[in-house]
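Working notes for the structure below.
Order as written gives the chain letters A, B, C and D; numbering starts at 1 within each chain.
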Amino acid sequence: MIKIGILGAAGYTGGELIRLLINHPQAEIVFANSESNAGNPVTDVHEGLYGDTDMCFTSDMPFDKVDVVFFCFGHGKSRQFLQEHDIPANVKIIDLAQDFRLAEPGNDYVYGLPEINRDKIAKANHVANPGCFATCIQLGLLPAAAMKLINDDVAVNAITGSTGAGQKPGATTHFSWRNNNLSIYKAFSHQHVPEIRQSLTQVQGSLDADIDFIPYRGDFARGIFATCVVKTDAQADEIIEGYKSFYKDAPFTHYVDKAIDLKQVVNTNKCLVHCDKFGNKLLITSCIDNLLKGAVGQAVQNMNIMFGIDETEGLRLKPTAF
Amino acid sequence: MIKIGILGAAGYTGGELIRLLINHPQAEIVFANSESNAGNPVTDVHEGLYGDTDMCFTSDMPFDKVDVVFFCFGHGKSRQFLQEHDIPANVKIIDLAQDFRLAEPGNDYVYGLPEINRDKIAKANHVANPGCFATCIQLGLLPAAAMKLINDDVAVNAITGSTGAGQKPGATTHFSWRNNNLSIYKAFSHQHVPEIRQSLTQVQGSLDADIDFIPYRGDFARGIFATCVVKTDAQADEIIEGYKSFYKDAPFTHYVDKAIDLKQVVNTNKCLVHCDKFGNKLLITSCIDNLLKGAVGQAVQNMNIMFGIDETEGLRLKPTAF
Amino acid sequence: MIKIGILGAAGYTGGELIRLLINHPQAEIVFANSESNAGNPVTDVHEGLYGDTDMCFTSDMPFDKVDVVFFCFGHGKSRQFLQEHDIPANVKIIDLAQDFRLAEPGNDYVYGLPEINRDKIAKANHVANPGCFATCIQLGLLPAAAMKLINDDVAVNAITGSTGAGQKPGATTHFSWRNNNLSIYKAFSHQHVPEIRQSLTQVQGSLDADIDFIPYRGDFARGIFATCVVKTDAQADEIIEGYKSFYKDAPFTHYVDKAIDLKQVVNTNKCLVHCDKFGNKLLITSCIDNLLKGAVGQAVQNMNIMFGIDETEGLRLKPTAF
Amino acid sequence: MIKIGILGAAGYTGGELIRLLINHPQAEIVFANSESNAGNPVTDVHEGLYGDTDMCFTSDMPFDKVDVVFFCFGHGKSRQFLQEHDIPANVKIIDLAQDFRLAEPGNDYVYGLPEINRDKIAKANHVANPGCFATCIQLGLLPAAAMKLINDDVAVNAITGSTGAGQKPGATTHFSWRNNNLSIYKAFSHQHVPEIRQSLTQVQGSLDADIDFIPYRGDFARGIFATCVVKTDAQADEIIEGYKSFYKDAPFTHYVDKAIDLKQVVNTNKCLVHCDKFGNKLLITSCIDNLLKGAVGQAVQNMNIMFGIDETEGLRLKPTAF
């Protein structure tokens, strides 16, 4: 059994991680840390767990009793936490924040996108789990990058559910405002673009094009649905062949011949990808569940790879479908 | 032109009142008071007003320049405000809070339900506007009370939209939680029951039965849909006749022969009522828009009556329908 | 491995059954029958299965190759099917329709509610799976019946998601109409009342009270949320003790001390139950996922019991939560 | 009073037109034609009209008694209807279908977008009302075209509510499927692109760029929200000045300095437009209510212009806001 510690266990990603791990046949949660909720049952905070667990949040962090720690902090706090605490060298870390996603001198975190870094993840002690938008958009674009097709600016539109905005209530997650509403934010400046560029560069060799990303706030709770438009003269059938080939060994990312819709992936760890060609424009559609493939599902997938067990363990989830 | 002051203008009811009054042909907003938003355009806070008004919130309260003041405060603050401020005697007050809804010695506020108090409202200087749930449930039950049919405990279930919970974000109005969810709160103890009892007693003469009211939080933004079950041996056709007769002069409350649904009334000042009889049980369905007939629509209706103009002025609204 | 045939595999319950069984460690789908879709991949019809299965619908029904058949027909068609086809005596049948739920001479189907009939189900060849509303309401009322508390008419209000109305599009499942809407239907006359009465009578010994059931159409896709009000002078603590005791061995039905909400159970096989006492009124809240505990989840639970395997096998599902 | 006939009165646009016209102070509906519903009250079909009208659908079409006829047919049927029926020359026609939107020899219909064709509409006998997507996207792009900025391919993403798909239930408007879902359709090939190109060409003089339009199905009922990205080196402040100037006389189309959201326009005849500049990319956001500014609201606006009355008559609508 892989022994697990969770930091920031009372947030959305912490809760979803608990939901996954209590049914993971080879994992055991040793502690779920939340200062502000210490002593309270996790069912006080997280939906859907009545009858599944009597676990309580703890203020303890017994790192000597775990094999891996998941950081479910907000962005910026992972780095700060590590400055203030010592985690034993033999304890693996999977960080869900963006603190260590970009390669730089002294950063030993492997970028945890198994579709391109599986071997490195398998050997890693530290993994930086990709962002939710970044996962969905990259998985749409990477096969094109592998074919070296991304040579002009890419128009990216992606719509996220409200869980992407976290647990703290605010104006744009107020039901009265968000229900039946649509809006955009951080257009052309979203913080996930650098990690998308990093991966595209890794796969294509270089990247001399803009990723023009417009994020939308959707009126649903789970999921990201993205469209990317790439200018290319490559033939549709070769492109599709390249996409299928790129993901042929990926257990959760699938090229689909038909048009896709968001609810195909809600409550699963999957990413679905579909392509159409119109003249010299390649339209790529991709979708994920932002809390699963876009966050803790992928984190558990990374954990499975790091510990050498079946990559799909604990992740063969029944889709919600409706 | 009726000159109007609005206190608490930055909340949900304040905003909806502004939306109504800017198109009211015989009304003019003189000031829309909000300390915390003073100087800012109302469009900064309230949806739907771009292009309709350049009005700004004010910290002033020039009572000498208005004919009527609407109190759009939270419950309890109206009474407090009146203790701390002098409003000229010739300025009428319409209070949307529950502070003055219940008759008691020294309370000169008329309960502002036109369907039973039109004449008193016409002569009133001070009107206490009914609660949203109270309006929907009363309008369902009052014709039965007029026929003296309420002699056994009444089972009441009513579901409200999220705007009923106000503008301040919180756990139960967080989109991620509320979307596709249902729950109940304050069962058998909701604060609107006393005003419902007061009206039923007024119309029936006495009331010796419980109003067993279970409020639900619905996953929509606007509207209240209620069912009431009354035990009675009266005949269905007589009951329906009584209902139609009771509302024959009401411009906004209608008995409907067919089954009703909530979206029939959304974005209108209407209340629809429908009855079915099963054995000795009378099932009454009623619905309103909680912000309109359940709050400021009825408040404007009361204003119209108080100032002797057409009761429907400014309230012939296009329903949203979808 | 339990070998399984599915009839009516292209409907909502058929699809949800496939979603469950492809991850069931001790089950194997041998055929998924649908005349109109024969030869097409199940992914053409059912959301959420891309990458999980390449199974195609079949027009065949090789009953000699299966251990159990699930009838996912519309109501009335199960009986008709059995008149027109021979199913070998050694093949177990789990019928999701209402054709065999009521005991009558010659009906050898066991009513498949494990909370009261586990032993009978374990020995049964034929199981009639309970209705969705019936499951939610019964599980709310049965412990009270066991304490013989149901001696006066019970007020029942229950709200269902749109999947309860099946796959065929119609006026009341049109998104434009149903979104943000509420309505009732079949009040006091819903077809599930007789099976509720049957179970209450079985547990209480007799039942001399009306079950006044008002079904609502909710604006969500999955789930049923019910309230029942029972008049009783029994003490709250005794009642709650009785509820906890009644479900102490039920793996999926749990008494919860705190107020519950629908999304606690969505995409799970659970039923949650909560009680409050107000004067002489006992208010019981219960909720389920209509497609799982209200349909195929319970059907698989019954299958597990019938075949003597762990009752929770294949049913430890990650809740959607959001 | 303008006397009005409605053909195709039982569809979504027919219903919305009735909702508008019953409160229009200078209009009177003479007949609302629907063969299949002849004799039935309009309240049997259209939500929101109880208490507002007792009108019934008719199979008659007394063209001699009306000043203007609205064609609320499905696309293609307007042309067919005119071949089979004679409408007196003095009766004006406003066609909501796409049959006559594109200029061609013999087509005397004026394209009914008041923001660019007000003078022509004022003199027109026949008006072709623009498409819903076309209205939202054009109004976003036309000021840029007036500044001759559209010289490279434009990336357009626009999301529509379910009412855009009409009244007939189908797979993609089934609540169970559409709720919380997202998908695209007719990418790069939507039928509204030609009319968008026609208007852009009219205003810019020529158009040598693709309009790469990806339409999305949103999980709400009313509204269209669009983003357009135009490559240009023009300065942001000049662009914004141009936008404000372009719409300075438009009563319903407004440039807004802040970011906009869809519910700002729901249940209004408005179009809101907002611009941001990022490097050499101009991002334009625009939104409308698809049934109002995108259909019958604009049709009534056109009628007002054609009959020389105040353009906003009957169209100063209370926004739903929530």
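Note that a contact is a pair of C-beta atoms (placed from the backbone, for glycine too) under 8 Å apart; a residue touches a chain by one contact, two chains touch by 3 or more.
Remember, predicted model here, so these are calculated numbers, not experimental data.
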Any chain that touches chain D and chain C: A, B
Steps in the shortest chain-to-chain touch route ending at chain C and beginning at chain A: 1
Taking each chain's C-alpha mean as its centre, the one farthest from chain D: C
Higher-contact pair (C-beta pairs counted), A-B versus A-D: A-D
For chain B paired with chain D, centre-to-centre distance based on mean C-alpha positions, whole Å: 34
Length of the line joining the C-alpha centres of chain A and chain D, rounded to whole Å: 39
Distance between the centres, which are taken as Cα means, of chain B and chain A, whole angstrom: 46
Chain C, residues touching no fewer than two other chains: 12, 47, 161-163, 176-177, 179-180, 219-222, 260-261, 263, 266, 322
Contact footprint of chain A on chain D as seen in their complex: 155, 157, 159, 161, 176-177, 179-185, 187-189, 210, 212, 214, 216, 218-223, 225, 227, 229, 259-263, 266, 276, 278-279, 281, 283, 285, 287, 322
Partner chain D, residues of chain B touching it in the complex: 12, 15-16, 19-20, 23, 44, 46-52, 161-163, 179-180, 221-222, 252, 254, 256, 258, 260-261, 263-268, 270, 272, 291, 316-322
Contact set on chain C toward chain D in their complex: 12, 47, 161-163, 165, 167, 169-171, 173-180, 219-221
